[in-house]
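By letter and in written order, the chains are A, B, C and D; residue numbering begins at 1 in each of them.
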Amino acid sequence: MPEPVLSAAHIDKSFLDNKVLDDVGIDLMPGEIHALLGENGAGKSTLIKILTGAYTHDAGTILLDGKPVHPRDTKHAQEMGVGTVYQEVNLLPNMTVAENLYIGRQPLKFGLVDNRKMERDARALLSRYQLNVDVGSQLDTYSVAVQQIVAIARAVDISGKVLILDEPTASLDQHEVEVLFGILQRLKADGLAIVFITHFLDQVYEIADRATVLRNGRRVGSRAMADLPRMDLVTMMLGHAIADTHALRIGGGRQPGGLFASFKDYALAGKAAPFDLDLHEGEIVGVAGLLGSGRTEMARLLFGIDRPDSGELTVKGKPCKLREPRDAIALGFGFAPEDRKVDGILGDLTVRENIAIALQARQGWTRPLSQKAQVDLADRFVRALDIRTTGIEQPVKFLSGGNQQKVVLARWLATNPKLLILDEPTRGIDVGAHAEIIRMINSLCDQGMSLLVISSELDEIVAYSSRVLVLRDRAISGELRGAHISVGAIVKMIAMQPEVQDA
Amino acid sequence: MSRPLRSFIKPQFIALALILLLNWILFPGFFNLFFRDGRLYGSLIDVLNRGAPVAILAIGMTAVIATRGIDLSVGAVMAIAGAVAATMVGDGHPLFLVIMAALAAGLVCGLWNGSLVALLGLQPIIATLILMVAGRGIAQTITEGFIVTFNDPGLIFMGSGSILGLPTPIIIMVTLAALATAAFRLTALGLFVEAIGVNRSASTYAGLRSRALLIGVYTFAGFCAAISGIIAAADIRGADANNVGLWLELDAILAVVIGGTSLMGGRFSIPMSVVGALIIQAMNTGILVSGFPPEFNLLVKAALIIVILVVQSPLAGRIWYFIAPSRKRPPPSSPAETPATSTEGTLK
Amino acid sequence: MNVRYWPLIATITIFVVAYALAVMQFPALFSTRVLGNLLTDNAFLGVAAVGMTFVILSGGIDLSVGSVIAFSGVLVAVLISQFGLHPLAAFAITLFVCTCFGSTMGAMIHYLEVPAFIVTLAGMFLARGVTFLLTQDSIPINHAFYDWVRQFYYVMPGGGRITFNGGLMLIVFLVGIVLAHRTRFGSYVYALGGNAQSAALLGVPVARTTIGVYAVSSFLAGLSGIVYSLYTSSGYPLAAVGVELETIAAVVIGGTLLSGGVGFMFGTLIGITIQGMIQTYIVFDGTLSSWWTKIVIGGLLFGFIVMQRVIVAASKRDWRKKPYAQSAPSL
Amino acid sequence: QSGLEGMTIGFSQIGSESGWRAAETSVTRQQAEEWGVNLQFSDAQQRQENQIRAIRSFIAQDVDAILLAPVVATGWEEVLSEAKDAEIPVVLLDRGIEGPEDLYLTSVASDQVLEGRVAGEWLVDAVAGEDCRVVELQGTVGSSPAINRKQGFEEAIAGADNIEIVRSQTGDFTRAQGKQVMEGFLRAENGGADICALYAHNDDMAVGAIQAISEAGLTPGEDILVVSIDAVPDIFTAIAAGEANATVELTPNMAGPAFEALAAYLNDGVEPEKFIITESRLYTAEDDPEGEAERRRGLGY
């Protein structure tokens, strides 16, 4: 067995009195894909931030090629050949795609940055990911998915020895994931050591050779995937077994109630082609499609963030207009956005305030929720969604990615809406909570709430949808009902799309 | 919310104590108070009294800064309000009307700023710069360039009268601070303002009326500016449109930031901003009584600000945290709460 | 057409239109003389504004420039007139001192994690204070070198002059443009303004960049002070009061977001020229009272900015997927 | 007055920072009216570069003459020589400049040092040998009136060792600052009991200080003598009320002599004398303060 490229041992880390890593270690072999698994808040991101010099560790050693190293900062780590994609897309929204790919290592000509060459290289680099975007335009004109790919491309490009990916596939659709895995296999063959953090166990089994599992900041163990049955793995992660969510298939049989909201030929030039959409009480409508298919744009229209060029909305038979999200909320809508960092969390505010804000906004400033009411509310959802936090007064920006996602969900559940629009609700959420949320979605629906759920995870959509819309080129290209809903059927409908190469 | 004990030993109070101590060393009579014809006198009272205008500006500025904005026009608004008050009282209007008119002027100015920021989406600094430049002109057109003097006892009372033995400005400052704090904290306004400052996009998604709120806070700032404009005019019994409140916007902002409200918006505390204003005034009064030659004023001021900065800096916070007996409560901004992980890296 | 250029284009268009309008009113404005003066009279502002642009692009702010300009002007005057140094030597010393001053502010901002606004405010007091210690009176500079420098000017057709100062400003802008848009340092500055955290994670040397930015700003402020001393051949401790706000305004009018990360160096040049135009227009009008002067300046400022907003908004209608988070207040 | 009808004259004013400044501006406008001059006015908002800009534009507009109230004494050579090349006569108002005298036609100004000296001499006589601890309210640090008026006063009291300046702080030429600083003085000098006289570099500060004194329970003018400079109406009202004791006039009418000189020069080429020094007259309670106050009201103070 060869020497590990990177190996960390006895790593401790606490934020003040909150010990988040306790005697954790990990060994990365050359040419292996190593999955790092654990619940939300287990300490995965923190560990890799330590490995890559973003955080300092309180105790422990890091060996690179057997020699002890002390990564001063991320730049230093990069110079040592460790490339990283951190969990939240950590790129620069104000700079071009090309600059994001090459910042700090731009090609120089006479000491000056050679923009032409840089953009050429950038295009070449992204084409490997079958992403053909204008590398000269600002990054924040693209969806999370695109940004995610850019981040990966950059990391892969600078990683000489080790590549670390923290939930890279969270916002990718199947096709993109396949492309990515293809590349990972190639890098693996070149002898790169790859750390792969995800909550999609299928992906783990598809690509990982070994897995290290963390729980509550402790290392549970490292096992080869070959001899690690799914159930054991889940038990390792959660400390207890759960029913496999992929088995259950709940949505299909449900009988939708009366019509709640109906959107008639809604359209917004360049964002969404005219579409009709009826949403019934006690119905879950799943929305599938490749990235860029306009799912988010559709959701933004439905919630009144963008105003449609044309179209009427009637809620419970009464015609309504949506000028701003307030109006939608007044009608009992809720919307958990896709990009939690930008549109979701209020980072500096506490978990409590983040959960209470939407409800409070609906009540108006003159009728404040009492301290007690807020605390109860927060406590209830922290328990219900099992949000890992040092307390409801902890600023939400210090929560782990998945836990932040749960807070945003809690915010909307707290308003108990009549129509809940969820854009990638389970993004970055661990298997335990995943099951929990799907169960919740169902029970909400049984109580007569109407849901519209956008997700790139088809199993999930299949699991709860009573109706599935497939989007293509910003238009609804097909619909599946009841018994016809299956991953295969959805994929087929998406795949009718001409643009999709290979497959 | 259960207030951790630490939050009462704020660095601001340490800074204030330091400066008062310094003043006392330079001028032993600093803490002397004496009572004459129904009013308290002494340097401490001066600090409060002279600090009041800036403190009042700071109250409004706090709300603006909490929304990630800034208001450079408050000085000019002071001038306008003062001018309105002085000219109207000169024309023999009743005091009540005069005050109302002056306050109204302030509200209008604030409304203007707010609209530029919220509706036209101009950057706050540039939006308010417009009024900062034009405002003095407007004030001077009102006074036609003269220093309009008056001796209406009622109006003068606003500046140099006294209630319960304390100068009126102090009373006004305290009342306003109390009312404002109540208005923000006993309703959900405070939460909303902080939310907008932290992440406007997310706040809108959550259903906040961000536009209305923005207009609101700028209007409030204008209102506060008007009040301190009236006080300033009443104090010298005249409206000096060209000089009143000149560069006071900087002091007000400084006060807010010393008070611990971040220019990046979010968390704010009106009382602490008032403390910030008093720190600044303690500094100025100290310079006056110390008897340094005036060419040293700026140096002393700079030096003191730097000291305050160091005392309040997260770095000091960390050190204080590690020497502090109880490790239970995190200091205002501890490594953990400093997401700028790079600084963590460089602080090894 | 790349969306990032719109604010810039808007600014330029507006400037051209405004100038045309002004010329219709006062034909005398349409002369190379006026243009030449525009350059000369705004030279020191322009030089300082280049530095300010870097600071603002990095998401910071520098209130100390005005005082540093005065300080450098006075220091130069003192060194030449009282210590009899050769101007070049004096320049070298002054620029060095100013650069150190800036670096120190940058270091405080980065390591003490205190807002730039306050650090540079203290810097503003400090620089002005030191200036008063050097001298309270204004000091004339009579040195052959100054007269020698003054002979360097290019006479444009129509008698307008591009003086040494004017030329220097243009050169500084050229260098600034290259530094901002064609070097790694430049990209680091934009990165910092875009999102300091991400920048750090992407391996941008945050400390070095922050310190660098403020060093550049103070260096240029120092240079601007030298320009000012060439302009008035004297050092005046009360010079350039409030110039920091004027430069900030110029930068922002030039289409740069105060929240950082977005904008162009060239825009600042336009911003400076626009402000110069406003002043010149006022003088040409010559009927305005002291107070109407202020009101009109404010009004014109308002006009420019609103027109700019309108054009940009029109161009922006549907280009961006979601509002730009970093610049929440200035959407 | 005749000789300048229809001529265009540019006037570059510093700003409008004080009552006196405003008065100078409006007097100049009035004079221009009387002379039938078409006045091009430019307010520099305290900034030398704006003044230079203004002069350049005046040259570009090719005016017949330029009035300049320089914000500072130095730094005018380049632009004034441009005016010279364009053969436009320049008259300096209320402050001289450094540099070659042939750059300007004449300078109509007061002698700021003298103003200070007059005030000082008055105090010397007033206290008649008794010990007197004086507090001084300076103008804006670094401004030439502040520097010169301080110097002149110190020269005047140099001889009298019974008079000493015990405290000196800047009041920025404004009432508010004057009041606040005076408060500081009173606190520091044991409630004002140890202060015998106040010397303020301008009347506005004095007016503010007077309020501070009376609010501190002392009688300005008796417990503390008050002498200041400029002779604006409000100080005369104070003198009349016995709250102030003396002021030194700085006439806002600099334009009158300037126009005379210009008329003579432009029409019959008479070179006026280089320095027209306006009178620095002392006013006290004897000089009919009410009357003086009235006489000045019209001038736009």
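We adopt the following convention: a contact is a pair of C-beta atoms (placed from the backbone, for glycine too) under 8 Å apart; a residue touches a chain by one contact, two chains touch by 3 or more.
A quick map from chain label to UniProt name: A = Simple sugar transport system ATP-binding protein; B, C = Simple sugar transport system permease protein.
None of these values were measured; they are calculated from a predicted model.
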Highest C-beta pair count, chain pair: B-C
Chain separated most widely from chain A, comparing mean CA positions: D
Averaged-CA centre spacing for the pair chain D and chain A, given as whole angstrom: 71
Whole-Å gap separating chain A and chain C, where each centre is the average of the chain's CA atoms: 43
Rounded Å distance between chain B and chain C, as computed from the means of their C-alpha atoms: 29
CA centroid of chain C to CA centroid of chain D, Å: 34
Residue numbers of chain D (touch at least two other chains): 15-16, 22, 25, 141
Junction residues of chain B - those touching two or more other chains: 140, 145, 199, 201, 295, 297, 339, 341-342, 345-346
Residue numbers of chain C (touch at least two other chains): 132, 136, 197, 199-201, 289-291, 293-294, 322, 325
Chain pairs in mutual contact under the definition given at the outset: A-B, A-C, B-C, B-D, C-D
List of chain C residues in touch with chain B within their complex: 63, 108, 110-115, 117-119, 121-123, 125-126, 128-130, 132-133, 136, 196-197, 199-201, 206-207, 245, 248-249, 252-253, 257-259, 289-299, 301-302, 305-306, 309, 313, 322-323, 325, 328-331
Contact set on chain D toward chain C in their complex: 10, 13, 15-16, 22, 25, 39-43, 45-50, 52-54, 56-58, 60-61, 72-78, 98-99, 140-144, 146-147
Footprint of chain A on chain C - complex, ascending: 2-4, 178, 182-184, 186-188, 190-191, 193-195, 197-205, 261-262, 318-322, 324-326
Residues of chain B touching chain A in the complex: 1, 186-189, 191-192, 194-195, 198-199, 201-209, 266-267, 327-328, 330, 334-337, 339, 341-342, 344-348
Of chain B, residues touching chain C in the complex: 67-69, 72, 117, 120-127, 129-141, 145, 196, 199-201, 214, 241, 250, 253-254, 257-258, 262-263, 265, 295-303, 305-306, 309-310, 312-315, 333, 338-343, 345-346
